Amino acid sequence: AAADKIAVGALRFTSHAATFVAYERGYFKDEGLDVEIKFFQAAQPIAVAIASGDVDFGVAPISGGLINLAEKGAIKVIGGVLHEEPGIDGQMILASKKAYDSGLTSPAALKGKSFGITQTGSSFHYVAHKIADKEGFARSDIKVKPLQKVGVIIGALKSGQIDSWSIVPHIAKGLAKGPTVEMIGKVSDYIPDYQVTTVFTSTANASDKKEMVKRFLKAFSKGADDFNAALVDKTAGDAAAEDMIKLIHKYVYVSRPYEKAAPSIRNGAMRINKNAKLNITNVKDQLAWFQSENMVSKSITIDTIVDPTFVETY
Amino acid sequence: MADNETNPVPFRGGGFSHKPSFTVWMMVFVMLILFWEFGSNIGFISNLVLPAPSEAFNAFLQLIDSGMLWKHLRASLQRLILGWTFGTLLGVGVGLLIGLFSNVRAGLSPLVSAIFAIPKIALLPLFIIWFGIGEGSKVATILFGTFFPTVIATYGGVDNVDRSLIRMGQSFGLSRLSIVRKIIIPGALPAILSGFRISASIGIILLVAAEMIGAEFGVGAYILLAGSLMATDQLIAGVSILSLMGLSMAWVIGKVENYFLKWRV
Amino acid sequence: MTGIPQSLPSSFFHFFIFMDLQLNNITHAYGDMTVLDDIDLTVSGGEIICIVGPSGCGKSTLLRLMGGLERPDSGEVLLLGEPPKSSLNPLTYIFQDFALLPWRTVEGNISLALEDHPISKQESRKIIDDVLSRTHLSDFKKAWPRQLSGGMKQRVAIARALAVRPAVMLMDEPLSALDSQTRELLMDDLIDLWMRESFTAIYVTHNLQEAVRFGHRIVVLSRRPGRVREIVKIDKPLSERGADNEELDEVQHYLWRLMRDDARAADRELLNG
Amino acid sequence: MADNETNPVPFRGGGFSHKPSFTVWMMVFVMLILFWEFGSNIGFISNLVLPAPSEAFNAFLQLIDSGMLWKHLRASLQRLILGWTFGTLLGVGVGLLIGLFSNVRAGLSPLVSAIFAIPKIALLPLFIIWFGIGEGSKVATILFGTFFPTVIATYGGVDNVDRSLIRMGQSFGLSRLSIVRKIIIPGALPAILSGFRISASIGIILLVAAEMIGAEFGVGAYILLAGSLMATDQLIAGVSILSLMGLSMAWVIGKVENYFLKWRV
Amino acid sequence: MTGIPQSLPSSFFHFFIFMDLQLNNITHAYGDMTVLDDIDLTVSGGEIICIVGPSGCGKSTLLRLMGGLERPDSGEVLLLGEPPKSSLNPLTYIFQDFALLPWRTVEGNISLALEDHPISKQESRKIIDDVLSRTHLSDFKKAWPRQLSGGMKQRVAIARALAVRPAVMLMDEPLSALDSQTRELLMDDLIDLWMRESFTAIYVTHNLQEAVRFGHRIVVLSRRPGRVREIVKIDKPLSERGADNEELDEVQHYLWRLMRDDARAADRELLNG
């Protein structure tokens, strides 16, 4: 039979590596999928493109937009991708040197401080509120500052215009090495088992082409396994790691020479869930948070968002 | 003498002038809204991204009810008015300099073209460093965005002023300043005002970019949030507010034109 | 001594047919300032009417009404007879302010009037060359209007009007910016032309000498609001109106007195209130 | 007769015209770059967001070396040229209609002000639905963005055409079309070209917004990526490419102006 | 009957002082078309020089050079004597194309010339009222230029020039768009003015009658390139030059023949190639 033609939306980030690996190593072909990767500059348009039928699969964090599109019956979350688990470096909480010197040495002191986020309703926003909840002060006591872009937040943090921020480890470590930023905590202390990103598809695919979706997830997981083995668990040896970095460099940091790109790719590697299993407990928590912040309708249930029939959930 | 046919001289003149008609505009507007509502209802317009106007209107009512409208509006209007006023004032000033002095033109006009083409969004990190994440960077974004089109419109207008009128001014020994104030600026005014129409709209558009940075309130912030939540009814409500702002600015500029250009036919 | 250059194609102005123009009770106002008051006038085909009157009395306005560029507030302007086929633009203007397009050369300004008609390129070039040589502008074919002197601009306007072979010419001080000898030459040219083709013309002028030289009838308008004060008919054929003609001088003096009295009355009014 | 002082008549004329000077521009440009480099090196300009020009230049060289420059440029230029050409053509057309017909003006000109003020970014989801994620939506973004300023510049220009020239055209029995083509368009051309300068820059800016949607290549995509990777040197390199594009467009429009407006002083 | 209105403040034109103007070897070209060729001319203070010559011979260009609006390619224009203190703008133009600002009313166009000087509002209003009544435009104080007839525009230009109390007037066909009686009135006005104040004037005209009426000397320019062909001096004082003056008629005819010969020569040249 002729291969199914599908399009996968991706960003040029290491977190999308599973797609690239599955594509480069022919895992999609093995499953009879003729994949075309379509690149985007932000996660949001991928969701819209899936809703409009231009793209079949995408990887993105749970966001208000995703939930609302799901509510409209356009998309379904079918699996998990990035995940935080104990024992592995996860997202870190940072403070500007200025704030640190004036007493912001642990997340408990965040009350009344400003916290950088990209957008209202983004994962950074969620993290900030979870910290407030756990430390026992009102969410509104953390002053979130939407700054749109990671680069902008970094600038603002370094120059002390915001007091704090949370970010993936390789960026956090890089920043903390400098003189202007200090590390003050870990996100995993506040959100254990954080399901950072998920893989999703259109509702039509999830309900009518279940078999094709399964094949996609199979190939995708295989790519994830290779990636984890090469760069996260480092069980595959240096040569495999090198190969993996070279493969990813075709898609990420392309405009930089390999020597410069390699460390960034290596340090940026985070675990991708095996078999795309999904921490639905955390997804529920995220949904509840969106609902408590009035960003999505209170009547939405987890079933509206997630189709749990494809992968293991817990 | 040939035949006896008698005809009135055919009227060939007239035309090429305008009577404003509010009815026509209302008709167009109402028809558009009806078409849209109808299209949404029969599914001809996908509800996924473009909700029916009635839904958007509901979102708008909610915005009023919640009392947020005024907060958003106040914050945005303040930024817009500050940024636009200084942007256009500076723009007219620099445009005049470029229009008047060969050396300034040679040095600055390529610079204007070069910098104008830089997306404000790419400059946001710089703006934050320079102007902070408070009101400064927001006003600066709008100021920057309205400055350049005003410069171009102004020096285009100056270039188009009738040189023989300038010679007349010189012959009466008018100071250079007087010539600029009394001959060049009024002569370039139609072009400058046309530039204002453009810069006003650009200023409004840039509210969204400006309010990307640490804005709690503001129509742009409201739209950004609606966009990231894919709350299309709110998005359209927010966008409609911007449209209304655009309409109001255009209306004001129209009045200003009527007043200052009444010497034209 | 001058007249039409020999090179003019003989068929060029052949098909002039008379067109009559009739003005009934024309009244026109701008805002609440009445400019023309109850003007009645019939211009027969082939007749030249000169209109004289003080500055601002409504002469140009009257021409605009006749040419259909403006609509009178009341009254009507009627055209009797079919325009001749050969005429490209039966009712043709020469504007007081020249109205040249600054973005077209001299040549281009003239061809503007021809381009909308089914004329071959070659023919149109011939017409342009002819009218330019008649107005002594051949050297300035490619010049921009801003490079022309005042008189030259006026001559371009005349050339453009001649190019469309008008049946009725509406001329608004067509020679005002010209020196006396150029004026004389062009005047002779016009008279020669009329003698061969008998076009109809309404000729606004403030030069009484021109008026008595060129007009079959001379309409004297009063101060604003312009009324027909008197119509002076001159029976002498155009061909016999050389310079230094006693009879014409007398008419001219008569006109002059007529207008001066009007002006005096105005002054008196001014003094008394 | 008073005294015997003899002076030449003071020269009062001249001025108010332009000689282009490439040297002045080069001087300004080189000085700016030197100032920037110097400022970066002594730390006066924070390296945090604005790397030294030399670093940006290195990133640019890398871009050339990797052979990506041409791919990015080709993709962007194609979108820009298509979007800008159709945007301005449509804009001039609609601008003329608004300038010429009272009813069209009454119906459309408020609509133009209303829609112009809508940020393109808010429309992106719509564009994806309507035009897909291929070239269509990218070209549409640029087309949309350049359309509105052109409309405004064009009808501003039409309004400013000397009515007595139109009357002249009518007196020669020119058809309405001829009057539009030969009198109104040339008369409005200075304003239209000035509008082109503005719309060209806007088109370039919008490359970034346009290439947010599923663009693999393109200068805008390069900038977006550099921004999200915080690679400021690449960001500045990308922005410089946009600047250069802006400069080139301005240069071309300058040449077009020289040709079409040579009748002016 | 006309002259200066009684209301004119007697001190108004009191301080005219003579200024001499001297042109040495003036040559000027546009592109490679020489327009003026080796013009030598001295204008004494208080003298009125009329310049006549065919259309396009360089009269307006000569005026521009004298007024410092353009620089001659070679030669120099010298000014002898201090401009009088009372004069707001010693060298003042009346432009051939009027050069009115379309965005200022009649009043505003005149006040334009006054605003740069330290004059009180009241005084300036007085000056404006005076010059407007002298040009019979008082009713049109608030009118826009587009609402004026051709002649009225020209009168605004004259009024504006009069408002700045010039010591030297550079007049480029200042009466060309006016009907004969208005022209006569303004001419009388100018002559009256000159008799009281003896300003210097360079008066370009194509009306020979005006030239012999107004000029102490009449400079006849040849066809382009403009050269001084002849300078005719008229000794009769201005006050005695009424209408119907034999002597003046003779000069006029002499000038006319002079210029016609030039024109004929031109025609002959044209015919011979």
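The letters A, B, C, D and E name the chains in turn, as written, and every chain counts its residues from 1.
The rule is simple: a contact is a pair of C-beta atoms (placed from the backbone, for glycine too) under 8 Å apart; a residue touches a chain by one contact, two chains touch by 3 or more.
All figures in this text were calculated on a predicted structure; none of them were measured in a lab.
Listing every chain that touches chain B and chain C alike gives D, E. Number of steps on the shortest path from chain C to chain D, with steps defined by chain touch: 1. Of all chains, the one whose mean C-alpha position sits at the greatest distance from that of chain C is A. Between the chains B-D lie more C-beta contact pairs than between any other two chains. Separating the CA-averaged centres of chain A and chain B is a span of 39 Å.
Taking each chain's centre as the mean of its C-alpha atoms, chain B lies 16 Å from chain D.
Centroid to centroid, with C-alpha atoms defining each point, chain C and chain E lie 27 Å apart.
Within chain C, the positions touching two or more other chains are listed as 67, 69, 91, 97. For chain D, residues that reach two or more other chains under the stated contact definition are 12-13, 46, 48-49, 125, 128-129, 167, 170-171, 173, 227, 232, 235, 264-265.
Residue positions of chain A with contacts to 2 or more other chains are 48, 51-52, 149, 151, 155, 159. Of all possible chain pairs, those that touch are A-B, A-D, B-C, B-D, B-E, C-D, C-E, D-E.
Of all residues in chain C, those touching chain D in their complex are 67, 69, 88-89, 91-93, 95, 97, 99, 101-104, 112-113, 115-116, 144-146, 160, 164. Touching chain A in their complex are the following residues of chain D: 46, 48-49, 59, 62-63, 66, 68, 124-125, 128-129, 132-134, 211-216, 221-222, 224-232, 234-235. Chain C makes touch with chain E in their complex at residues 1-2, 30, 52-56, 59-60, 96-97, 136, 147-152, 155, 172-173, 176-185, 206-208, 256, 259-260, 262-264, 266-267. Interface residues of chain A facing chain B in the complex, by the touch rule stated above, are 44, 47-48, 51-52, 63-69, 72, 74, 119-122, 145-149, 151-152, 155-156, 159, 161-162, 295-296.
Of all the residues in chain E, the ones that touch chain D in their complex are 17-18, 20-22, 44-45, 64, 66-71, 76-82, 91.
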